[in-house]
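First chain A sits with chain B, and in the next complex the same chain sits with chain C.
Up next is the complex of A and B:
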């Protein structure tokens, strides 16, 4: 069964329970920010704030005002830029199709941060026991540890309006279409955001307005250079490294054996 | 390069060993991303009621020894069915926060700072002040009617009180002490 997280922003009432429950489950420290001039608590997703509800004031054609909320977090792209950008293979897809970081492998280079089109991945700075600073990439894991135990992601559990649900992909996509038909009357620009340029995402949105209104790219794509780098250059490079190492070691052994043979030839001839 | 049979075996053995090391030692996919340890594994949740507003959501408290590890909405509770608001979600901090006050504090009249006192002192002080204030300001009769009340003390209840607690508090404050200013946090 393929599963997705479906976020229906038209049901969201901006209570921010998803933000707090994420911090609560993942034991993330609070980040107090200055007032930015809107109801939004944090300017954007950070390494310790994995999801943020964006508050968007949008004027309607009839002069009214739409107050648009969006639970923004990692999209868990099927074709993920961060995964392609990672030189250490630290980012991978799980069996739940969520994109996770292996913290043991991450070296904190920040290539994934540059690559992500959704600004969903960031570097956190830690201090080791010797007092030295080090960095690791951090982002929403879609609560993969909870999924493994048969639980729902923390944000979906906390959501009291049912704006965030996690479940069977086909069922949720079908209900998304139904819901879209219903909300079209009030939000004529409503659409389902599941960009096919990256073969869809594992977090699908029902947006009340155009993606650009919410600061989302209309048609995100993994850059060609990244595909070439990850899928061709890196494997070939690694194969060549392996081949070279083997050749060097092999020739070293062969040489040393040969030498030994030559030097011993003069002394005894028992072979 | 001429090679004896023994040399040939030695070389092929060495090459095989090298290959094995490369294969095992450089296996990138071998160590799959392991998610962190499941933090509430083997912990038994204790159900409780959220102390904040009057909705009374159910919460599961996962505790380990003296520590509260995690709290979450109770999926079996008929009121919230597992969901919680942003405030109720933080209920763990009521217990774990560094700012939590664990001893009664007393600020003497005219003093400019709080000092730690023990519970006996605090409760005696509250009781004594209530008794003294009530006796001093008690009104027996007003306009020829028996009223038996005091206007000098007010009581403020909270949303987390249940029916039985409210009944007992009404009994104590309205019937027992004669208070009329009895209010509820949710109405202020």
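Up next is the complex of A and C:
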């Protein structure tokens, strides 16, 4: 059985229990940010805040108002840029189709951070016992450790309205279509976000408005540079030059070919 | 709640007014969304667009403090267009009752007003009786002095244009709400009203709720599945605490506390005063005597009026409610204060003055999880001069809910038992343990006293075990009550006696603990029908899930709708049966003249469209204590029955100086004064800053940009906070002028991981004319950019 996480934002009432349950299960530290001028607590996903509810206010065509909430976290792309970009093979798909990072392999180079179209991966800084700083890429694991025990992701368990559910892919995609038909009257631009340019995602959304309203790319693709890098250059290069040198070359290729916007931090997709 | 949480899914239309359950009662949306998925409609009425409003089909804006015009206009719309449930209104409510000729209403005032006392002589509004003492009725509802006609006349003044000129609601939206909600008057349909502190925290709070009740009675929405007037309680056990006599003038089970008035000199005199002649409350003496037996055991005898004299008496005519206690403290009339999980320095109205009052105490004992702003009011960080404060503060660390066992009663009156999950941290103790140790210590100290004043303490029984940890099971058994001789648990409150042969700590909970099983511990999630879950926990009274469920059936005892069966009369078996425990005598059949009297707690058994409370028998609009406009409905500006407290505690602001309407509220992420949530890092990070929400229009007028620091000032004080400029706030377009409003959470203080200005530094020290709940929800202020 293939499984996905399905997020129906039209059922979300913005309570943020998913954020707390995520921190609780993954034992992540609190990060108090400056005042952002809205209900949104964190500007975006960080290395220690793996999901953020975004809050968007917009006027409706009929004169009313919409206050749109979205549980944003790693999409667990079928064709994952982060996985392609990783020079250490530290990122992989699990049997649940979730995308996870092997912290033992991760060297903190940050290519995955650059590669991710969804700003879902970030580097956490640690200090080793000699006082030396080192970095690790961190993100939502779709609670793979819970899935292995037959449990649901922590966010899905905490969600009281059923806006976040985890289960059989075919069933959930079918019910997503049904639900889409239902909410079209209230949200004419509603759509199912499961971008095919990356062969779909293992977190599928029912969005109330265009993806761009939520700061999501309309049609994400894995950059050609990453495909070249991962599938051709890296295997050959590693054999010839060794891993560290390859990482430097990789960085050069990525920076010169990467079509993606320079910064994953400067842009404010939110209110 | 007349109904319960799970029942929300049966509603055709839900109107949320004065509440924001998506934020403050999030789990409710599990059930509300089920109603919407079946095609139900959700209406959100609120001064501001909330997370609840986003989930709603219709959002209607109203100015804070104008619920009565809003609902009054709906009542008028329903009456004018004859959209009410005619059979229900005529048979199940007091619409047909004739009122005495001494009743009158003119220019905002009912007859019988005493200006000096600011109170009414309610006998002027009495029901007219015949020679046998029976209430006169006109079943055709045509008599000009019947309740129906008086109500119609009263609310005819609440025409749509006058109403929206006061509430600021867009006309089209208002009409849409009237039409949508009135559709539930159709036989077989159900509409529910959900309210919380947005309804109650006003000088007209009680009448706000009365207006909801009248609307629901007119539409036949009480007693049915998916209907009801549903108070969303703001704390996990606030229902339980009021059930158990938390309010100063209540003993457990919603019975009165005796006073020093002459009527109460004797137990019999007191019982005569508090026991009505009709309705289920005629049994009150049985409940009261059984309660005294639970207090005083064998020391309560017929010879000593069951220990009635041991009960403390209130000074007649004196109000001991929250604000009046602080008034007394301000005047140095109070020596000590025991606080259990209470943080008035953040949560109290005009908190600055209340903090000042605290320093007049000789001692304070604070029981809490964390050191709060109140228990540290004397510290430098509070802005106080510790050397000048003589109050001795004792702090007792309390256990959190996960560290103790016991029950909490939810809004749906479900008493749900909880077990200890983890051991208490450090020296912290459960409230029950703290009270138990205190009681035992006091009893020990008084045991050799011969002073008559010490007798109540000596007479009180306290048989819950000899260790510091009480046997909670014994407490439970006593709350239910038992036969004094056989010690057998009583089965139901109908078994309680007024001769001292039974005891019961709280009659409404009678039946939760029959001989062998504490029913609050039940966790059977089988739905036997209409999601009443009769074997899950215990609901008072008598495990009834929907109050007045007799009204779910028509005059012949058949359900109004086959899709909405509560209870039905089964002629074959000669009893009421269905998906709920009948709130009616089970065997009372059509031959009984009271077969069509569903409202068993009311004299006459009819739902009270007309009910005498302090400011009148029908809700009338008065402006809040601080308001931006002249009352459009009469020349009377403030509720004439509101009582004033200590003058120095209650400065009043004027619209010329404070032109902006303000209100306060809670958020999903924090709880009450924030004592717990601002000390919890994962909640603290979600809302780490005190903010004030203001409209784009007001921001531009005042030169305020989003994220600016601003100062909000009222006649009581000022606070600094971040400006949150938002489209969700819109100025009110009122009759002849536009009025701005702002809103802010009241969760912040100077303790905890995240801190900020306390909104209650701004709020007025005045309250409702019946309950004295403070008017937190509507006051005046001004805003400016912080320098």
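FYI, the second predicted complex is superposed on the first by the 237 of 271 C-alpha atoms of A that agree within 3 Å, B and C clash if a C-alpha of one lies under 4 Å from a C-alpha of the other, contacts with A are read in each partner's own complex, and residues count from 1 in each chain.
Heads up, the rule we're going with is that contacts are C-beta pairs under 8 Å (C-beta built on N, C-alpha and C of every residue); 3 or more make two chains touch, one makes a residue touch a chain.
As the structure is a computational prediction, the values presented were derived from the model and not from experiment.
Of the two partner chains, chain B is the only one touched by A:141; chain C is not.
In the superposition on chain A, contact is made by A:94 with chain B only, not with chain C.
Of the two partner chains, chain B is the only one touched by A:25; chain C is not.
By the touch criterion defined above, A:48 lies against neither chain B nor chain C after alignment on the C-alpha atoms of chain A. Looking at the shared chain after the overlay, A:160 reaches both chain B and chain C. Touch criterion met: A:33 reaches chain C, while chain B stays clear of it. Contacts of A:11 after superposition: chain C is touched, whereas chain B is not reached. By the touch criterion defined above, A:175 reaches neither chain B nor chain C. In the superposition on chain A, A:191 contacts neither chain B nor chain C. Overlap of the chain B and chain C interfaces on chain A: residues 15-17, 19-20, 24, 160. If you check the complex, the residues on chain C that touch chain A are 22-23, 26-27, 29-30, 33, 49, 51-55, 57, 59, 668-669, 681-689, 691, 706-707, 722, 724-728, 753-754.
Contact residues of chain A toward chain C in the complex are 11, 13-17, 19-20, 23-24, 29-39, 41-42, 57-59, 64-69, 160-162, 186. Touching chain A in their complex are the following residues of chain B: 1, 4, 7, 10-11, 14-15, 18-19, 22, 26, 28-29, 31-39, 41, 70-73, 75, 80, 82-86, 89-90, 92.
Contact residues on chain A toward chain B in their complex (touch as defined above): 15-17, 19-21, 24-25, 27, 89-90, 92, 94, 100-102, 104-105, 141, 144-145, 148-149, 154, 157-160, 238, 242, 245-246, 249-250, 253-254, 257-258, 261, 271.
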